[in-house]
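See the structures that follow.
Shared between the two complexes below is chain A, which has chain B as its partner in the first and chain C in the second.
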Partner chain A sequence: MAEFKKADSMLEWFDQRLGVVNFAKVMMTEYWIPKNINFLWAMGVLLTVLFTFLLVSGIFLLMYYKPDVNLAFDSVNYTIMQEVSYGWLFRHIHAVGASVVFLIIYIHMFTGIYYGSYKKGREMIWVSGMLLFVLFSAEGFSGYMLPWGQMSYWAAYVITEIFGGIPFIGDELVVWIRGNFYVSDSTLTRFFMLHVLLIPLVIIGTIVFHFYALRFPHVNNEAGEFFDFEEEAEKYLAGNKKESKVVPFWPVFLSKDFLVLGFFMVFFFYLVFFHYGFAMDAINFDKADGLKTPAHIYPEWYFLWSYEVLRGFFFEIAGISGKDLGLIAFGIANVIFFLMPWLDRSPMVKPANQRPYFKYWFWFMMVDLIVLTVYGKLPPTGANAWVGFASSLTFLTLFATLPFITKAEAKKVKEK
Partner chain B sequence: MKEFKILAVIIALVGITYYGIEPYAHHVMHPEVAPADFSFKDLKNVDTSLKGNPDNGKVLVEANCIACHSIESAGYPKVMPNADAAASYGVVPPDLSGAGWIYDKNYLANFIYDPVSAMKLQHKYTPESGKQFPMPAYNWMSAQEIMDIVAYFQILAPKAKAGPEAHKNTFEAACGRCHSMKYAGFEATTPVENIKTYMGATPPDLSQYIKSRGEHYLYSFINDPQVLLPGTSMPRTGLNQKAQEEVIAYMEDIGDRKKAERETTGVWVMLYTLVFAIAALLWKRKLGDFSS
Partner chain C sequence: MMDESRRGFIGKAFGAVAAVGGIASLIAMKKTWDPLPSVMSAGFTTVDVSGLEANKLEVVVWRGKPVFVLKYTEDMKPTDGRSVKIGDHYFSVMIGLCTHLGCIPAYRADQHDFKCACHGGEFTNAGINKFGPPPRPLDIPPFKLDGVTLVLGEEGPEYKAMMAKA
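Then we have the complex of A and B:
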């Protein structure tokens, strides 16, 4: 062990033992961020903050929640909402946070797609991000079951039922997931375990990995420009702050993030206190009843687009039943975004509006996803079913044609 | 400037999506229904313009009603324990102390004349069903006599005129023979097995119905259950507007107990975050804005 001098200050004491000075440099004051970015680059920090909110409010809820079909509903709606002081606040923050985190995830994701931040060295950022999306989805779904309301029960019933469509092992798989032949106490308890232990652990690990994946390629910028970060950092440190293309993460970059965060928080707390209905579905305030099917069953809003892809195929095509087709399409919808870096065959890293073909693809995709989301909630009857079919088909077609569109774009750009 | 444009695009996309999945979807799944009718226009068996004589009403009530109903405020106690009453009639007859106060006058008169049509339960008590409503129809009385009874109930003063106490009393008088309110520690006066047999469906515990159904739905539903749940065995209870609002207020008192605390805390938290945002803005200015 190295010899230790007597420390002159507390900082030095910690620095000797933990190397905090260097650590702060590497992580904060000399972690370089491009100047040329807009508020969309603050979404990552918003997500980190929201995740922290979810974690802390979740820990408070956990102190009173009871994962038992006979107790769960009242432990949430009576004990937490009415007896525990400010229990309602933790629940509202948790429920609204879980919904808003998806809004920000979607903005974050489509920022990445718009600016092409998933390719040319940034593939692992993208893949780890998509992993986070899948993990958050699992976290959202398992959490929604816990209050044991009607929508908890029936959404769990419908979604677990989907696995029954998998060939050969389907039926056994459903029973294995539920721990019973139907959604029951064992289902609740195991989803409780997933929600409060396993998935959060994996999420934390994946967030760390996501951040790590950002270190080497660095974050993208508004122009998609590639430059030498070391060189620019030297300029900055030498005092040429104006000329340098970068700023340090702390305090300069974060000062802007805090600004975005501040205004976002005003909006967030408005939702928490005054407009939370979208995140706490009314039907879920009826206790779960396996004998009483609600008139309309729909998942939380952030699953609606993929749910609509599942429902969109409602008739047999070429001897394959609508149900199976829907299942296949649903499977594709859930993994296809992982492949963005490889489906986009154009090497261009530019904002979509500067890419001759990709811009159409991007806006088409946005419109299609909105249509899918809206129709995913409406009852799938009459014309609605056909809109669902058309928009599901569009979704798949957009992805099937992406490699060709981007290939053609690459060629066109090269010729110019 | 550019950042504001980006923000505008995001707000537009989120706004359209929100409109689709919230107000619009709600409108499709829950179409508007006819507005609540607190004059109960469909009931016309009794001429309610007649002026009633409360003294004669008292005599008629003593002769006809207190065999089944208690009227605590006038000193007529319960005839038998709830369990026995439930066994005899299927459901415990409600206490009538507040009847002149909570029921609409036209409804009450027509209910005495013919309970089944006033409650809109003709689909349940058809001749073929062999079922008989437990309270007799007083269609043999003259309109004047019925209005005398109504006048008598109207002079009985309620225990509480307003506030949470009045909300509670109205709920228990109007709904409490069938529905429990667990989060207030209130259990329906009719035991659960009896009421299920009597109604053919279990009346739900209403502790969270202010949240699961919302005020708007309750407003139409209580006024006329058949409009939103055609064929339901839940009766029309004939509350006047004030009483109905008290019942809903009670459901909110119990089901959303922390509403006031939520709304005041909310304002403070939002102000606090606004201060944070402004401080961040000043800090950013101080460090020298680095981007647009």
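Then we have the complex of A and C:
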């Protein structure tokens, strides 16, 4: 063992044993963030805080929740909502938090796309972020099943049924996932396990990886400018804070983040206390009934766009059934964003509005996603079905043409 | 060199043992997720069709799935390979789950057809998809006729004949 001399302070005592001074420097006071950023750069911290809220409220819900088809519904709607002191508060925080976390994830994600923060060394940040999106989706889906209401049941039914579309093993796979021929107790208990243990563990690991992935390429900035972080950090440490292009994560960057966080928390708790209904569908307050499909099934708002892509193809094309086409399109929609760094063939890292062609692509995509989201909630009949088809096709076309658009853009910029 | 090859051999042996253990645990994990034997051996459902009313949908549960039993009226024509004659009447016997994504279609008695509320799929009274995303007609469960009693879960000659035509 190394020689330890008597410590003069508590800080020194811990520093000798854990190296806390150096650790704080690396993680906080000498972790450099660009100066030229705006409030959209606060979304990462917002998400970390929201995830903590979900974790803590989830722990309290877990104390009273019972994962059993006969007990689950009442343990949520009677025990937690009416008997447990402040049980309703934890449920509302959990439900609203689950919905709002997707709002912030989408803002975070489209900020990244708008500013080109996914390429030229930042690929792993992007890929790990998209992995988190998929994991949060799985976490949201598995959690939605737990109250065992009608929407819980039928969402579970429809989504597990999707795996039946996989060639050859589809039907057996569905039974295997459910642990029964239909969504039943075995399905509830295994998704309970996924929701409270396995997926959160993987999420925490992936969040750590996501943060780590930021270390080498560093955070992007509003102008997409590349500069030497070490040089700028030296300037800052030498006292040239004005000239330096960077600020330390703590206390400078975080204090600004906390301002945004403050406004966000007001909005969040306004929703939790006064407007929680949007996150708790009325139909889900009817107990699950496997023999009665609700008249109209729709997912939570954050899944509507991909749901609309799934059902956008409602007729056969070239001998492939509408169902298979929808499944293929849905599969593509769920992974295509991972490929952003490679589909964007332009080396330009600039905000979209400064890129001659990409700006049209970006806003076109935004509009298309909004159309998909709006029509995902409407019954798919008559003209609605055709709008769904057109916007699904537009979604796929936008991604198919992205490499060509950005290649043409790169050429145009070079000629200038 | 002797040392090198010994290390190499130990490394390979360790890898082989680890691979066997890894595969064995994957199999165990897969099997833990399998449906339980009690689920797999879930029994048979019997329906007495003699008391059913024409043009009124009867829904029975078989292995957790709704099964539609529909008695035809005189003016509803039987469909070859899908309608089954029990006694003097024709019936539709099919799994009441939309072949698109598994919702339960509702029977519209006045139009003699089924309409799925989820994605707008429509089926004839014999369960043939006529509109919307469903890729195929409603599935027919294995059944056997025992006089006027329908046994779901067992393959009778009528069922086999229907499958041969389909």
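Here is the rule we use: the second predicted complex is superposed on the first by the 416 of 416 C-alpha atoms of A that agree within 3 Å, B and C clash if a C-alpha of one lies under 4 Å from a C-alpha of the other, contacts with A are read in each partner's own complex, and residues count from 1 in each chain.
Here is the rule we go by: contacts are C-beta pairs under 8 Å (C-beta built on N, C-alpha and C of every residue); 3 or more make two chains touch, one makes a residue touch a chain.
Bear in mind the structure is a predicted one, so any value in this text is a computation, not a measurement.
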Three-chain arrangement built on chain A, chain B and chain C clash or fit: fit
Touched partner set for A:379, first chain B, second chain C, both or neither: both
First (chain B), second (chain C), both or neither touched by A:186: second
First, second, both or neither for A:339, with chain B first and chain C second: neither
Chain B versus chain C as contact partner of A:296, first or second or both or neither: both
First (chain B), second (chain C), both or neither touched by A:154: second
Partner chain in contact with A:103 - chain B first, chain C second, else both or neither: first
Chain B versus chain C as contact partner of A:89, first or second or both or neither: first
Contacts of A:304 with chain B and chain C, given as first, second, both or neither: first
Per-residue touch tally on chain A - higher for chain B or for chain C: B
CA minimum distance (chain B, chain C), superposed complexes, angstrom: 12
On chain A, positions contacted by chain B and by chain C: 295-296, 379
Residues of chain B defined as touching chain A within the complex: 2-3, 6-7, 10, 13-14, 16-18, 20-22, 24-25, 28-29, 182-183, 204, 207-209, 211-214, 257-258, 261-263, 265-267, 269-270, 273-274, 276-281, 283-284, 287-288, 290-292
For the chain C and chain A complex, residues of the former touching the latter: 30, 33-36, 39, 42, 59, 61, 63-66, 99-104, 117-120, 132-136
Residue ranges of chain A touching chain B (in the complex, touch as defined): 35-40, 74, 77-78, 81-82, 88-89, 92, 103, 107, 241, 247, 251-253, 255-256, 258-259, 261-263, 265-266, 269-270, 272-274, 277-278, 282-286, 295-296, 301, 304, 366, 370, 373-374, 377-379
Residues of chain A defined as touching chain C within the complex: 154, 157-158, 161-162, 175-182, 184, 186, 190, 290-297, 311, 313-315, 321-324, 326, 379-381, 385
